[in-house]
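Dropping the structure in here first, questions after.
Chains: A, B and C, in written order; residue numbering restarts at 1 for each.
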Amino acid sequence: MAGSPRRTAGRRLQLPLLCLLLQGATAILFAVFVRYNHETDAALWHWRNHSNADNEFYFRYPSFQDVHTMIFVGFGFLMVFLQRYGFSSVGFTFLLAAFALQWSTLVQGFFHSFHGGHIHVGIERLGRLSCCSWPCWRWCYLASTSLCSLVSSGVLYRPQLEKSKHRQGSVYHSDLFAMIGTIFLWIFWPSFNSAPTTLGDGQHRTALNTYYSLTASTLSTFALSALVGRDGRLDMVHVQNAALAGGVVVGTSAEMMLTPFGALVAGFLAGTVSTLGYKFFTPILESKLKVQDTCGVHNLHGMPGVLGALLGVLVAGLATHEAYGDGLESVFPLLAKGQRSATSQAMHQLFGLFVTLIFASVGGSLGGLLLRLPFLDSPPDSQCYEDQIYWEVPGEHEDLAQGPLRAEEPETRA
Amino acid sequence: MAGSPRRTAGRRLQLPLLCLLLQGATAILFAVFVRYNHETDAALWHWRNHSNADNEFYFRYPSFQDVHTMIFVGFGFLMVFLQRYGFSSVGFTFLLAAFALQWSTLVQGFFHSFHGGHIHVGIERLGRLSCCSWPCWRWCYLASTSLCSLVSSGVLYRPQLEKSKHRQGSVYHSDLFAMIGTIFLWIFWPSFNSAPTTLGDGQHRTALNTYYSLTASTLSTFALSALVGRDGRLDMVHVQNAALAGGVVVGTSAEMMLTPFGALVAGFLAGTVSTLGYKFFTPILESKLKVQDTCGVHNLHGMPGVLGALLGVLVAGLATHEAYGDGLESVFPLLAKGQRSATSQAMHQLFGLFVTLIFASVGGSLGGLLLRLPFLDSPPDSQCYEDQIYWEVPGEHEDLAQGPLRAEEPETRA
Amino acid sequence: MAGSPRRTAGRRLQLPLLCLLLQGATAILFAVFVRYNHETDAALWHWRNHSNADNEFYFRYPSFQDVHTMIFVGFGFLMVFLQRYGFSSVGFTFLLAAFALQWSTLVQGFFHSFHGGHIHVGIERLGRLSCCSWPCWRWCYLASTSLCSLVSSGVLYRPQLEKSKHRQGSVYHSDLFAMIGTIFLWIFWPSFNSAPTTLGDGQHRTALNTYYSLTASTLSTFALSALVGRDGRLDMVHVQNAALAGGVVVGTSAEMMLTPFGALVAGFLAGTVSTLGYKFFTPILESKLKVQDTCGVHNLHGMPGVLGALLGVLVAGLATHEAYGDGLESVFPLLAKGQRSATSQAMHQLFGLFVTLIFASVGGSLGGLLLRLPFLDSPPDSQCYEDQIYWEVPGEHEDLAQGPLRAEEPETRA
């Protein structure tokens, strides 16, 4: 089954070749450029003569394990909601995250810890580094699993996708697996947002704002989901996704003096917008705009992301020396130096939003075109959301329903 | 299906209105009272001029992520054992925990960090704060999901609940989901118990005692479960619940000089009592006392809790200046000042147990009566333990059992 | 069903007696030997007069929670892949880990914190201690669940095991549960490897090398799995297991100056060897050598472990004063003192491998013979991989597939 001999042979070589090539290239770059940093190299360890307590390795926030739990468990399981795409979701997230972590060592290292001709790496900075790998692996993941971004979706439209419609929903237990993803994402989103911030109050503020925003988006998601649901029923898709919109919406402004109240309002709005998006906008996207957005990237990352950028514009425009004190220097250095007014900072932030949207459109379109290349051998419309194309899927000869064991029954009656 | 138009309309508005009202009230209180603390406010950050290392944000034990993992993952999944109540268990825990975390900021803040007319909040104290939200959200959760407390159950007795009996059990995979809850609760219970203790040795001791007590209750649960099981078989309900009784039983005394041996004994007894409770007492509770205790709150929290209070009386009564040294001041301040004898301290603890039981009885009865209010529209006896009342539940047209893909079959044969 | 009256009675008493005896003996040893250490004892707490910040309890790497998550969640769920052995996998791991943690307090305590006639315990050292319990509980686990080690398997060969063959595979959701295990093992393997290392650079290096090795073994596992898979399909068994071989292979050498590039190469080779082992070697083991290695211990722990020992020989043989600087003293103390050459150190490491293999062979054979003792009442060949022998397994009268609720239907139509 599953394809002509040529297609099968292509598939057998495609993933292995890609993995081997990428791993080979990365390994060579590692050999040439990557070295242990001062905390990791035996010859350079600089606390050697200090007391025993100084040699202890304490967890800095966010730890790399926080970020890995968020990426591997969180995103890995979030997409398991599709009834026949669980292996692909959790498996390909695993593969791509592992590669992205290697790659982010190189990319981040060149920008932040390159000196003397080498990238210097250590485990303590890995939390931040892993976080920065997120845009990279996220894009890879979305593109590669055909759960595509909005713009590329237009390019990739599959007119006969209704042939796979019966697999596009969830089943009872697949929704519970997805909740594992949601909950770990919720718990570790404050770690994720605060990874690229400056140390000190900025990091504390980012974590706290993200956290309050998430609590509010959870409440508004439940409220809106019941309000618009059939017979007032809640929808698992909303809870699994829109509850996290509070983490997205403060992505830009969480480091600013948003105030706890501001974080609640932002989160509440994001949860509302995202839930309404899943209910009303996704069907329109598909029927009118020919965009198939299976896992609702537009509703969880798109709209709350744009909303968050606008919130950043607003909060930046309201920044004063009084509110930030000496801290203005670390959040808005140009404001602190008097080289820019708050209004001008706000305008710069707004311009940044447009640049991001243009990059996303162009990048998404190119990505979409790339995925249409014939040698990439994308599955036919009738086989989307189906693990069996890529995975050995176990047959279902389980004897769960058979009650007592039959094998020993004669012995029992003897 | 599922109800008359009036009932449906009521349900559509009930949860949204409740969420919106509560979130609105909390947001106003946040706007008026809640401010960033010194570690979080840009203008107040007091380590600005210090070295870079001082600006690092290290994880203090217990971290807020420990406690969130325990609450959201632990309690969320523990109740997924019911075959058709998984969405409600994990979903409503999610909603109520999110709200309780906001509310605990206000309640705890008024008691512990209110000065200058404001509550001062920061992320580092959130571990303790989240823990303190536990009694609040736990009550909400139990009440709202009708997995009710003992006293209120008497008030809420449903004579025809056997109509829902077929959904009261578990299925194979729902029991495995519940084990995710159990294991994360087990891992993070030491964090939870040590959150409200004083810093220093008290916190270390609490974590260590809790940990040894949990190992012992796990062993006694397996021993007793096999001993009383049909054909010597283990029961998942016991393992999922009674194994945690060791965390409950040292709740009062873990900060005291219980000794590691004492913790083992306490945990072993708690696991034994709890397992026997599930096996023998729950059926009597239901048939004789008309109390329906679906998830065994009485066995996991009730009896081990009372046992733990008595253990606290005992250990307090044995407290000496010799055993505690200077540490007596932080554990039993009145003893250290000579204002109270050890026996008198023990009597005060015993009195505390009775006060708690009276509060629980009155509170539970009031809660039960509240839940009988007609506008709360509780489900009929035949529809208990059923997600479909509150949730869109996916249909089960999964083609798991179909083996190879049919769509491409012709192509394969070509 | 399930056995004659005598067998049933034996089973009813076997596990309870074992648990009670072991717990009783351990409790007595705790009473005699185990005391709180200086950080935990109220009378001995030595930071009492210091500032408040000194009393804070910060997380040291690895925390005991890291290690518990790895053991309980990781190994507990990894073996849930067997369709009818999930309760046993997660349940017996739970039981054995709980006991091993008590036992490791005693064993490790005698070696590392025994003075004045007592073992001194504290929560901060528990991460290391829990790790050291691993070999102990791992052996217990493997032996007790008949997922046996290679050598003992030969002794335990079950010629009629094909009668249980239909339960030896996975089902769709059991594979997803197993991925929870895999991912948490992956995230916390760096913690696990770095637990027994010396503090300072050695610990940082161990964590970082383990981490890079794991990323590489993940990539090579996917590459090889697709390359050798039927129609180029990936196999969940490979992803669940071989992706972790990178953690095993650097077990010996991660503390050495392996370099990040070296870690990538080691991980890639380990993933390759392990995947090929699952595909080609396991069937030969069973058919030719009469060894039944259900969960592929040989492929994940055996071959990558031996490969890792040889890698340790190589890296030790290449050690120079130049590469390690002053750090040579903590990694290779005898080299630093000039009492041993690098080549001689390498030979000692090689000799260690042979000693380990001999111990494993003898220990495994004895373990296998022990398990054949008639009173241990091991299940017949036809009932292997079956929870129902040890557990009450819920019947499958779930009404998942019934769509809308029937009970209220008349009311709806009214």
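Worth a mention:
Everything below uses one rule, namely that a contact is a pair of C-beta atoms (placed from the backbone, for glycine too) under 8 Å apart; a residue touches a chain by one contact, two chains touch by 3 or more.
Keep in mind that this is a model prediction, so the values were computed, not measured.
Two copies of one chain, subunit A and subunit B, form a contact in which under half of the residue numbers belong to both partners. Subunit B maps onto subunit C through a rotation of 120 degrees [Cα fit, steps of 5, range 0 to 180]. Look at where the CA atoms of subunit A average out and do the same for subunit B: the two points lie 30 Å apart. Within subunit C, contacts with two or more other chains are made by residues 2-3, 58-59, 172-173, 180, 388-389, 395-396, 400. Every residue of subunit B that touches subunit A in the complex is listed here, in rising order: 2-3, 8-16, 19-20, 22-23, 26-27, 30-31, 34-36, 39-45, 47-48, 52, 55-59, 64-65, 68-69, 72-73, 76-77, 80, 86-87, 90-91, 94-95, 98-99, 101-102, 105, 121-124, 126, 172-174, 177, 180, 388-401, 403-405, 407-409, 411-412, 414.
Only residues 1-4, 58-61, 63, 66, 83-84, 163, 166-167, 169-173, 175-176, 179-180, 182-184, 186-188, 190-191, 199-205, 207-208, 211-212, 214-216, 218-220, 222-224, 226-227, 229-236, 239, 243, 257, 259-261, 264-265, 268, 322-328, 330-331, 380, 382-383, 386, 388-389, 395-396, 400 of subunit A touch subunit B when the two sit together in their complex.
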